[in-house]
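The letters A, B, C and D name the chains in turn, as written, and every chain counts its residues from 1.
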Amino acid sequence: MSGSTPDAPLGFTRQQMADRIAARFEDGWIVNLGVGMPTLCSNVDIAPRRVIYHSENGVIGYGPIAPAGEEDLDLVNAGGQNVTLLAGAAMVHHADSFAIIRGGRIDVTVMGAYEVSAGGDFANWKIGRAKGGGIGGAMDLAACAKRVFLVMEHATRSGAPRLVGRCALPVTARKVVSLVATNLGVFAPVGEGFRIHELAPGVTREAAAAATGAKLLD
Amino acid sequence: MSGSTPDAPLGFTRQQMADRIAARFEDGWIVNLGVGMPTLCSNVDIAPRRVIYHSENGVIGYGPIAPAGEEDLDLVNAGGQNVTLLAGAAMVHHADSFAIIRGGRIDVTVMGAYEVSAGGDFANWKIGRAKGGGIGGAMDLAACAKRVFLVMEHATRSGAPRLVGRCALPVTARKVVSLVATNLGVFAPVGEGFRIHELAPGVTREAAAAATGAKLLD
Amino acid sequence: MTEKLRPDLAAAVADIPDGATIAFAGFGMPGTPFNLIAALAEQGAKNLTLIANTTGGAQQPRMPDIGMLVERGRVRKVICAFTAATRASDVLPFTKYYEAGEVEAELVPQGTLAERLRAAGAGIPAFYTPTAVGTELAEGRERRFFNGREYLLEHALPVDYAFLRARRADASGNLQFHRSQRNFNPVMAMAARIAIAEIEEPILPPGAIDPDAVHTPGIFIHRLVQIPPPPLGLWPQKRQERVRP
Amino acid sequence: MTEKLRPDLAAAVADIPDGATIAFAGFGMPGTPFNLIAALAEQGAKNLTLIANTTGGAQQPRMPDIGMLVERGRVRKVICAFTAATRASDVLPFTKYYEAGEVEAELVPQGTLAERLRAAGAGIPAFYTPTAVGTELAEGRERRFFNGREYLLEHALPVDYAFLRARRADASGNLQFHRSQRNFNPVMAMAARIAIAEIEEPILPPGAIDPDAVHTPGIFIHRLVQIPPPPLGLWPQKRQERVRP
């Protein structure tokens, strides 16, 4: 995914992008964070609101990354990081974990993406030239969570837009994305284009429009 | 079921019928016993063989009925009796318990029945005049266990045969029964009739044939 | 976070509307939410669709059950594995109302019932099962062969409310069951929009139950209520054995 | 009763024939049967169909994985949720063999993979899921609408052998997992004809694990083997973090 792209010279940092996503979490939500940038959401203090982090490997209610030397090597989040558990945590097996996902109990899944369309489709499992891909739990989460938020770079290294009219890459799910935080701002796919919720400091509407492959709406 | 019928004046007692069934249990089998006469199988000492008793409410590895005064009121078998647990027991929930059944892990289910046909169909959930019935786990067990053994009275109180050419009552499952222990003997439905495995003491072949609604084979 | 603990049984069921679909856990005495069923009887909601293994009344002493709600005219339909007793000689309180046409019933094999509830909780709208093939229950149903064996299509069974009973809970809603108390409780919790659990032991602070030892995670549980000690609260009884002829 | 404990890892996998279908549990390091996988590599069976969440090699230090068996030419087909790395910049050891056509792969969403395994264990031949609707994975697949929403038909995924890893076992085969070690272990045990578990702690006598605290009942487990202490036995390692640009 876009994780290896260096932060853009202007606009939001990676953590600031995650901050924008976490700011939308409501008290009591069950939240699933994808590998890479989405995990930065769990660094954000959103008190007095509290959310429950769910990881597809059956961890319900995990907390911060374990301090060095205090890791439980049998406890990882979806990204393989050794996390801690908060009071009230519970473990389930994989089928039960995806019962939670498929059953519609996840209030929001936050993922990275290669592309997102104005219609709310997004692509994050296969790059154009590849024979295979890495789906993991993304298709289950995307199809079944109550909300899909994306955190991603606004453009590729070569400057091609990742917010587009129609995805060129194979999609992960269709018509599911409701919010996209990028290095240039926060946007909502609304069908005819992306509605601007917020532009990052120093990013003009014109600069954002030039970097976007679909109409920007105010 | 036939449980309320008094023991026949000659032939096997209820416990002797259950003994005949239990004698066929092989070491290591997972055994599910239905309500009523089948529970008598667990009274039988079949050492050195050992079996694991499974109850559809998620009890794996139960043992004898609890002595009076030592009952755990939260532990019952399928018949609602307060049983004990043997070393190595495990509890699961209802969907997992029927996963065990439907997944084909039960080596034998022992049930009572109103009727059994020479083709191996049997009926034990609904009586003729009733609007509804009591299926419980019988249809799942009958359709999915590796073997279905029946323990039942050979005839109704009024003398009508329960071992028949074709079931008149609504069936529980078709072509599944491999052994039937009755007060008159032990029989196997083999298609064209019931093959005699054993006749109870004092029961002549002629008496058994007269009480049976299908051909008896030697 | 929303507080899950309710002050009493009446508060735990106060908002249940007429026409609701409610699942009652339990198999025999263990794990049956007797107190919530009794509170529902008091609360008065009617035109209910009730789901449980049995309609009750087969064993003595009799405890709050579906039959009791049927007797009070609160029930439109029952979905269960027994509309009549296992022994032909027994008569369930429910059966006479059913035979008189005063309540509808859908008779479902017990394993299919458990799996339909789990499917509802797991986002599976339908599945195939070998159970009931070739029986009266298969009539008019969709059949399909896989690898040469015949199966029936079964649909998920979502419920509005699940009534549960557990030995132990923490304030996050994590539940532990004791022995065969577990039975339908976990799958009914999964199937429910709102799961309400009556709890036997004093409710623990979050974190008091080892995460590896949780049977039903708190994210499935919406309301907890402490069972009062007897005689106010209802607890499993030793079954009175009938004398066999 | 059949003795489940095997004297060593080699004995636990000795009879696995060419062409077998084997599921490997694990998600990241936790719960992955590294020792059984290494023993299988030694044992030499080939033309295998392997099922796991990933083919391995995404994290350092590298541990025994499907990729290792592919490198040795033992694998006909892999069924997994990742045939390539999550990050476009990473390359899995498996990927180059796959792209060269030297091994087949079936890419399955992780939740569908878990549910197909559970279905196999639960006697459910097929079920419907909303996952992957409208994607490349839905092409040519059977679709069906329930209540106005589109679903795909998915089939059970039975396996010949499951390789598992657990913290604790009793001699009856009852298993307990520690934390996220649980992951695919219980459902792969259910899906398997023969489930083989490598166990971290000394194997306990039957009855030493409380029946309420068993995660996978022994009736699903056929063989147990004690993991030797390191360096002979393989144990989870702390992941080496890559430096991010």
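Throughout what follows, a contact is a pair of C-beta atoms (placed from the backbone, for glycine too) under 8 Å apart; a residue touches a chain by one contact, two chains touch by 3 or more.
Note that the structure is predicted; figures quoted are calculated from it, not measured.
S.K.: Return the chain pair with more inter-chain C-beta contacts, choosing between A-D and B-D.
M.R.: Answer by contact count: A-D.
S.K.: Distance from the CA centroid of subunit B to that of subunit D, rounded to the nearest Å?
M.R.: For subunit B versus subunit D, the centre distance works out to 38 Å.
S.K.: With chain centres taken as the means of their Cα atoms, state the distance from subunit A to subunit B in Å.
M.R.: 56
S.K.: What is the distance in Å between the mean C-alpha positions of subunit A and subunit D?
M.R.: 27
S.K.: Can you pull out the residues of subunit B that are in contact with at least two other chains?
M.R.: Within subunit B, residues 85, 91-92, 95, 98, 101-102, 144 contact more than one other chain.
S.K.: Give the residues of subunit C touching no fewer than two other chains, as numbers and ranges.
M.R.: 115, 118, 122-124, 129-130, 177-179, 182, 211-212, 215
S.K.: What topology does the chain contact graph adopt: line, ring, star, complete, or other?
M.R.: other
S.K.: Could you run through all the chain pairs that touch each other?
M.R.: Touch list across chains, by label: A-C, A-D, B-C, B-D, C-D.
S.K.: Along subunit C, where are the residues that touch subunit A in the complex?
M.R.: Within the complex, subunit C touches subunit A at residues 1-2, 118, 120-124, 170-172, 174, 190, 205-207, 209, 211-212, 214, 217-220.
S.K.: Mind listing the subunit A positions that touch subunit C in their complex?
M.R.: For this pair, the touching residues of subunit A are 27-28, 30, 50, 52, 54, 60-61, 85-92, 95, 98-105, 144.
S.K.: Could you please specify the touching residues of subunit D with respect to subunit C in the complex?
M.R.: Those residues of subunit D that touch subunit C are 115, 119, 122-130, 146-147, 149, 151, 155, 176-179, 182, 211-213, 215.
S.K.: Any idea which subunit C residues touch subunit B in the complex?
M.R.: Residues in contact with subunit B: 27-31, 53, 58-59, 81-89, 95, 98-99, 105, 107-112, 114-115, 117-118, 129-137, 167, 177-187, 215, 235-239, 244-245.
S.K.: Considering the complex alone, what residue numbers of subunit A touch subunit D?
M.R.: Touch list, subunit A to subunit D: 1, 3-4, 6, 35-36, 55-59, 71-76, 80-82, 85, 91-95, 97-98, 101-102, 114, 126-127, 130-140, 143-144, 170-174.
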